[in-house]
Amino acid sequence: MITLNTCRIITLGMAIAAAGTSLVNAAPLGLPAVPIPADNPQSDAKIALGDRLYHEERFSADGKVSCATCHAEEKAFTDHRAVSKGHNGLLGTRNAPTVINAAYMETQFWDGREPDLEGQSKQPPINPVEGGLPDHVAFVNIFRNDASYVKTFKQVFGVDKKEITIDHFAKAIASFERTIIAGDSPFDHYQFGGDKSAMSEAAVRGLAVYVGQGRCVSCHIIEQNQALFTDNRFHNIGVGFKNIQGRVGEIAKDFLKAKNKGVDVDVTVLSDPDASELGRFAVSEDINKIGAFKTPSLRNIELTPPYMHDGSQKTLADMVNFYNNGGRVNPDDPLSPFLSGGIRPLNLSDQQKKDLVAFLKALTSPSIAAKVTSTKIID
Amino acid sequence: MTITSTYKGIFIAALLLPAQSLLADEFTGADLKRWKQQYMEVVDEGSKLFHGGLGNENTVSCDQCHPNASNTHPETYPKFQQQLGKVAVLSEMINWCIKNPLKADPLPLDSARMTALQAYITEERRNVPLAPGKH
Amino acid sequence: MNRKNHFNRREFLKRGSALIAAGWLPLSLVEVAFGKTQAESFTFAYISDSHLTHIKGNNFVRNWDRGLTRAIAEANLLTPRPDFILYGGDIAQLGTPEEIDHGLDLLGALRGDVHYVMGEHDYYLDLGEHWRKRIGPDHYSFDHKGVHFVVLNSILTHDDWIHKKWDSPMHRMKEMARLDNPQGSPFLVGDPQREWLRKDLEKISKDTPLVVVSHSPLQKIYKGWNFWTDDAEQIQAMLKPFDKVTVLYGHVHQIQYNQIDNISFHSVMATAWPWPYPSTFAQEASYMPKLTVEINRADPFFERDGTGWQFINMHTGDVDVHDALPDNRNRVVAFDEKKGHPVDARYQAEANRIPPMKHF
C-alpha cells in the first residue's frame, strides 16, 4: 500500500542532531539531517574511535579483514567485487553495499535483517565467510587486552575493561558511519540548488526518462526538497531468478525448516547461494517477499560497480538493459513469477538508455569522487 | 442622418429594457442552463473516453479500475505523487495512467480530451470538499 | 555474551517482523488442525477474477497475465498441499475462446484439482457455451471431508435484457463487462437453478457444514456496480435451516466479509486489479457490511498491489480466509466463535490500522 513504507516495524528513538554542532556535518544539498538514535548520540571522541575500529584488521580470524576491506574509502566504501571476500579468501554470496548514506536506511543489509547500523556492524566479524571469529566473546576479549583501546573505551563510554561489550564497538562504528554522508552532486545543484547548468543536457534528458518512461523514481525516490533514492522497501526485480528457477519451493521449505531448528539467518544467507536468493523472505517468512531485496540508494553509483545484490551487472549500461528487458539480462530469458508488480519492459530507445546513464553519473558527490582511486571491478 | 437617428432610437429603447439583459455581470436563467449544458457535453465526452474511448492498443480502460471515476479523488490534487517524484496536478496523474496501465501516449495537458477526462472525473466527485495534498 | 544468547536476542528482534506474517503460514510447517477432529480440517486455495484480455494474435494484456501467473506460482508453494483449488470466475475479460483457452493454459500449471465458477465476463458473449464446453456444468455440488460444497452460476440476469436487440453478442458482452453501466442488468441465480438448489439441499442433513460458492455476492451491497444478486434473500432463506453456512464469492475485487444470521460471507481478491469500495463513489449510497475492515487504496505503480489470492482453512465447518496480497500485507479473516462472525486478525482495532486505512 502507498503508506506501508512509513510503518516501521521497529521504532528507533530518533533524534535529529542539532544543526551547527561540530558532531554532525550540516545536511549536504539534497539530503535531510542524519537521523541519530537517542541512545547513541554523536561525539567527536566516539566518531574517532569508530574510525579506528572501522579499520581494525583484528576483526577477523586471519587478522587481515576489517570493515574497510569490503567498504574501502578509495573504492567509494565498497570493494568493487561481485561478492565480498572474507578471511582466508572465503567468498560470500552478496555484493558489498556502500556505507555512503547508509545512515539514512531504515534497515541494513540487502534483506534488511538488521534494523540499524549498530546491529549491522556486529555481524560481519563473526560471520564464517567474513570475519570468521567464533563469537562476540572471543571478539571482545581481543580488545580487552589492548591497553590503548581500553583507555579509549573508558574515555568514550566511561566503562572499565571488564564492562566493554560488543555493543560499545557497535555504537562507535555506527557513529563513525553516520559521518559518511554525501549529497551535493550535480543533480542536487540542478534540482535543489537552482543551478540549471549543473547537469549536462544528456543528464537532464536522462532525468526525464528516470521519472517518466523508465519508472525508476517509483522506488528510487526523489522528493520536492531532497532525494534519498530509495523507498526502503523490498522488491523482486528478477536478479538471480535464473539460479533458483524451478526450485524455489524446495529451497524456501528447506530454509524455513532449518530456520525453525535455529540456524543463523546471517550465516545461512551469506554461505548458501540458494538461500541467499530468497532475499527478504529469509527474514520475514512472507511469501510475497521471495527474491525481494532492499532498494539501494543510487547516489555515487558510478563509483560503486558492480551492481545488484549479487554483483551480476558490471556496468550502468548493463543495469539499465536489465530493467529495460523487464527484469532479465536477455529479452527472451524466463521471467520470475514472483517479480514485483512494478517491473516490466520499458521500451527505451538507445538514446534514452544513454541519457539515463548520463543522469546516473550526475549523482556523484565530489567529496567521494575526490578519494576514489579506481572503479575497476576486481575479479 | 437616418443612421444616426436609428442609433439614437436603439439607445433610448435600451434604457427602457430590464437591466439584466444588458450588463456584463448579470445573466439569465437561460444562460445558466446553456452553460451547464455546454459543460455536460464535455462531461459526456469525458465519460466516453474514460470508458474505453481512448483507442489504446491494449484496450485497458480507465473505468476498469475506477468505476464512476471512484478512487481518482480529484479533490486531493495537487498532491505529492511518488510515481512522478513531485507534487503534481490531476492531469499529470491522468497521463501517468494513460502511459502505464493503458500503454498509450500521454495527452497534451491543454488538449480537449484532457479537459474532457477531468470534467468527467470531477463531475462524478461533485460536492465533495476540497482536500488538497491528502492521501 | 555468547553466540547462542546473542542469536536469540537477535532472533527476537527479527521475529518482530516475522510476527506480522505469523497468522499466515503459506509454507506451513505447522499441521493445519484447528478442528475438534482431524478429519474435519482441511485447506483449499481460491483464485479468482483474472480478466485475461486478448489484444491480438498471441498478445494478451501483460498485467493481468502476470497476476494469474503469480497467484499460481504462490499457490504451488503451499505445504502441505491444499485439498483442491477453487477458481472463482471471470477468467476472461470479454468471454472469447482465446481468453478462456489462454486462462486454462495458464491454470494448467496449478498443482491440484480445480473447481470452476462462471463469471459474467465468461458468459455474456456466447451465454457460457465455450466455457461449459471446456470446463463443464456451471452449477454443481460435491462433498469433501464432511462438508457439502455448492457452486452456483449467480451471474444470470433477466431474459428481456439478455435477448434485447443487440448489435452483436460482443455488444452485449461489453455492456455487461462495464461495471458502472447504467444500462446494465442485475445478477440473478434464477428460478430453475434455485429449484435445483432446493432439491440438492433436500438430501443434506442440517448439521452438515455448507459452503456455497458463487461469482457475485449472494447479498446486496451496491446495485450500481452489481455487487448484488437480485434473488439473494431467496437463496439466504434456503440456507437458513443449516447450522453452519459460508458463502464465498469473487467479482468485487476487494476484501469484504459479513455475517447474516447463520451465514458467513467472504469475498476473494482478484488477481487482475483491485476495485474501489462503493463508498468512494460519492453520488450514491451503498450497503457495505459494517464488519468489513476495508483494504487500503492500492498504489498503481505496483501492479499487483491490492490484488491477490486466498488460502482457506476449513475447520469444524468454519472458514478462515488468508489473503495473499503481493506488494501489500497479507490479511487473515477468521471466524470468531465467541463473536459469531468473521473477524480480521490484525486490523479489527482502529489503532492497529495502517494509515490511511479509511480508504480515501
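A, B and C are the chain letters, set down in written order, and residue numbers restart from 1 in every chain.
The rule we apply is simple: a residue touches a chain if its C-beta (ideal position, glycine included) is under 8 Å from a C-beta of that chain, and two chains touch if they have at least 3 such contacts.
Small disclaimer: the values here were computed from a predicted structure and weren't measured.
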{"item": "Smallest number of contact steps required from chain B to reach chain C", "value": "1"}
{"item": "Most widely separated chain from chain B, with each centre as the mean of CA atoms", "value": "A"}
{"item": "Distance between the centres, which are taken as Cα means, of chain C and chain B, whole angstrom", "value": "38"}
{"item": "Geometric centre distance via CA averages, chain B-chain A, whole Å", "value": "47"}
{"item": "Distance between chain centroids, defined by C-alpha means - chain A, chain C (Å)", "value": "40"}
{"item": "Junction residues of chain C - those touching two or more other chains", "value": "63, 297, 299, 301, 303, 356"}
{"item": "Chain A, residues touching no fewer than two other chains", "value": "2-3, 215, 218"}
{"item": "Per-residue multi-chain contacts in chain B, two or more chains", "value": "82-83, 100, 135"}
{"item": "Interfacial residue positions of chain B with respect to chain A in the complex", "value": "80, 82-87, 99-100, 135"}
{"item": "Complex interface listing, chain A residues touching chain C", "value": "1-4, 6-7, 9-10, 113-115, 119, 122, 126, 134-137, 165-166, 215, 218, 248-249, 252-253, 256-257, 260, 262, 264-265, 283-288, 337-342, 344"}
{"item": "Footprint of chain A on chain C - complex, ascending", "value": "1-3, 6-7, 10, 13-14, 16-18, 20-21, 24, 26-27, 29, 62-63, 66, 69-70, 72-74, 76-77, 79, 295-299, 301-306, 324-330, 354-356"}
{"item": "Interfacial residue positions of chain B with respect to chain C in the complex", "value": "51-52, 57-60, 63-68, 70-71, 73, 76, 82-83, 96-97, 100-101, 124-128, 134-135"}
{"item": "Partner chain B, residues of chain C touching it in the complex", "value": "51, 53, 55, 61, 63, 174, 178-180, 224-225, 273-276, 278, 280-283, 297, 299-301, 303, 356, 360"}
